[in-house]
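Dumping the structure here so I can ask a few things about it.
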Amino acid sequence: MTLLQIAFLIISAVTILAALGVVVGRNILRNALALILAFLGVAALYLLLEATFLAAVQVLIYVGAIAVLILFAIMLTERLMKQERATNEQWWVVLVASALLAAILIFLVGAVEWQVTPTEIGGDPIANLGRALLTTYVLPFEVASLLLLMALVGAIIIAREREEA
Amino acid sequence: MPGFENLPLLSPEITLTIFALLVLGLDLAFKRLKDALAYVAIGGLILAIMLTAHLFGTQGSLFSGMLVVDSFALYFKIIACLTTGLVILSSIAFMKEKTPYRGEFYGLLLLATLAITLLVGASDLVMIYLSFEFVSLTCYVLVGYLRGDPKSSEAGIKYFLYGAVTSAVMLYGMSLIYGITGSTQLTVIADNFLSPSSPVASTRWLILPAVLFILAGFGFKIALVPFHQWAPDAYEGAPTPIAAFLSVGPKAAGFAVLIRVLLTALPAYQIDWIALLSGISLVSMTFGNLVAIQQTNIKRMLAYSSIAQVGYILLGVVAAGPGTVGIMGVLLFILAYLFTNLGAFVAVVAFSYATGSDEIADYAGLLRRAPLLAAALVVFFMSLAGMPPTAGFLGKLFVFGAVIQMGQKVFYFLAVAGVLNSVISLYYYFNVVRLMFFLPAKDETSLQIPRSLVVAVAITMAMTLVMGFYPQPFIDLATRSVVTVAMLSPQ
Amino acid sequence: MIPLSWYLTVAAILFSLGLYGALARRNAIAILMGIELMLNAVNINLVAFWRYITPQEFIGQVFAIFVITVAAAEAAIGLALILAIYRHRQTINVEEIDLMKW
């Protein structure tokens, strides 16, 4: 087993345990903190995959923006933090179904002969990524900007304090 | 730069973008414009429809295969613009009482239309995902738009949570397809699945869940059983014009992308998806109709009825595999459904604007309170039930006909089930008619209906009847739109 | 080198955990966190497929960037809706959000 593989196993174990901490337990604040750890674990996996830019984006957007947004929302609705039951009545059905799904998916992705091309990444990956975004993917890129504008306007309208009648 | 020489092909999308930004900008700059902006938006939609009609017949692939422009997509673009135009027309009076943010409302509706026009032409999984989410996210906002109304917020959050989960599932399926085929282009994916030498064979068992995951996402968008649970709540709680929009616009887009993915990327698995969709179609129409009977709120009734309608449309998709008649049936059915269902919802908007109620019981004696509205509702219900001489009859004729043409016993059975379901649906549609015509009203005062709503009802009613009486031009249009999608499938 | 299937296995586990969270939890914010886990699982898939299957073309990475963008927009809108419902009902427990039948 190489050093890289050991690093992978440690990072994955931390990520999965953190994800478990997100979905289990009554304290929603702890769930959110575990979520941050899971996000960081995923960023580390990106680094192992040599997707350095994506690792940075993951930290900036998921940890820096989304997790903070979630923490804010928890604080604003905090009366709920000590709720008696965290899950609904069908939770065990969902648990069995999810476990089954995980088992099937793990078996299938392991059984498939993936067409792996063992090549190095050509050129400067960040420059190439930028070029891809602004040539091949320029249309989705522009559409994404409109989507963000829409989300901005929409979120403000919905979340703003009620206007005086 | 690739693709820019084809930019004129995107003129409808560009027009919609400009007008959406214009409406949002004007609203920001001039506080008093608000309701005039509705007409600016309608102007933009009319321009977009004209540009789309002008493009009809052209064909092209843009931006390195992100988007295709063909008559099939253009047909759906016209449907999207027509829907939004009628929805805006029916919103003007309704929203005036409900929210001060009307300029943004029209701007967001235009952006939703833009998202639909992108989705119906998307031919790459990246583009499909992005425009799919664009449609969904805009719809979540529009459903939860009325902050003062707890039902609207509740509808928004339910729609959101349901949609976000299904779209994550869909995305997981897309990631697997990308891994299996090494591409996100629908045509390349199809080649991979079709070629006998492709190494895809060992991945067969992974393709099944991947495709099912993707279909779950599409199923959510068109409110198919078993992904329909959000629909009644979202329709009931949403501002009624938005319920009307949801029942037609995003649904038509969902069908367009479903058909494109099935025909372009998955012809190799035709037998499998025909079997799957046949079953879902049967369950959708039967379930929708049986539950619709029990409803007391007219918006919920229409929600379940549109789940049933989706089942009928899916019959056309089933028949789309082997021949083009199926797609033609789908196209005709969706156009008929646009005018009919939108019309029914607009009539409900008018009634709820004048009385403040959505309860079916309050429709009693409507004939004496608003004779024109009652007459229009009769036309819409006849069309929804598929009776001649209305648009709905035309749609059902082609869809059922296409299924029968497939020539196997199973498909005869499906067509018969469709007809039987139409008979069941007569029961609850005509229950409302009975109330309107034969029962006394609690309050005999005649209803005051604003002019914009009268216009919207008149247009939809006229078109429902015109499609029934003079179907030929619409059949021609649908025929021309089918040809290209057939060419697009396996190359 | 680390086998591709290892990454895919981690993604499958994260996805299933997220799905469990999204379907079993009662708190709307907890459901949203489950959804975020599912999206992260998808991104691991996309980036791993990029590195192992199409390292010369940046399809997977670009796709992942769009997923992150959409996730940010989705979180903003979702949390806005959650705050709106909290203002009305003083709860974000989806079982108590029941003016209409589910």
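The letters A, B and C name the chains in turn, as written, and every chain counts its residues from 1.
Keep in mind that, in the parts below, contacts are C-beta pairs under 8 Å (C-beta built on N, C-alpha and C of every residue); 3 or more make two chains touch, one makes a residue touch a chain.
Since the structure is predicted, the reported quantities are computational estimates derived from the model, not experimental observations.
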item	value
Topology of the chain contact graph, where touching chains are joined (line, ring, star, complete, other)	complete
Chain pair showing more contacts of the two, B-C and A-C	A-C
Chain whose mean Cα position lies farthest from subunit A	B
Chain centre separation in whole Å, for subunit B relative to subunit A (CA means)	31
Distance from subunit C to subunit B - Cα centre to Cα centre, in angstrom	26
Between subunit A and subunit C, centroid-to-centroid distance (C-alpha), Å	6
Overlap residues in subunit A, where contacts from two or more other chains coincide	105, 109, 112, 114-115, 136-137, 140, 144, 147, 150-151, 154-155, 158, 162
For subunit C, residues contacting two or more additional chains	8, 15, 18-19, 23, 32, 34, 48, 53-54, 62, 66, 70, 73-74, 77, 81-82, 84, 87, 94
Multi-chain contact sites of subunit B, meaning residues that touch two or more partners	126, 130, 133, 137, 140-141, 144, 147, 153, 156, 179, 182
Touching residues (chain side subunit A, partner subunit B) in the complex	104-105, 108-109, 111-115, 135-140, 143-144, 146-147, 149-151, 153-155, 157-158, 160, 162-163
List of subunit C residues in touch with subunit B within their complex	8, 15, 18-19, 22-23, 28, 31-32, 34-35, 38-39, 41-42, 45-46, 48-49, 53-54, 59-60, 62-63, 66-67, 70, 73-74, 77-78, 81-82, 84-85, 87-89, 94, 97, 99-102
Subunit A-touching residues of subunit C, taken from the complex the two chains share	1-2, 4-10, 12-21, 23-27, 29-30, 32-34, 36-37, 40, 43-44, 47-48, 50-58, 61-62, 64-66, 68-77, 79-84, 86-87, 90-95
Interface residues, subunit B side, partner subunit C - complex	125-126, 129-130, 133, 137, 140-141, 144, 147, 150-151, 153-158, 160-161, 164-165, 168-169, 171-172, 175-176, 178-179, 182-184, 229, 232-233, 236-237
Interface residues, subunit B side, partner subunit A - complex	1-3, 17, 20, 24, 62-64, 66-67, 100-101, 104, 107-108, 111, 114-115, 118, 126-127, 130-131, 133-134, 137-138, 140-141, 144-145, 147-148, 153, 156, 179-180, 182, 199, 202-203, 205-206, 209
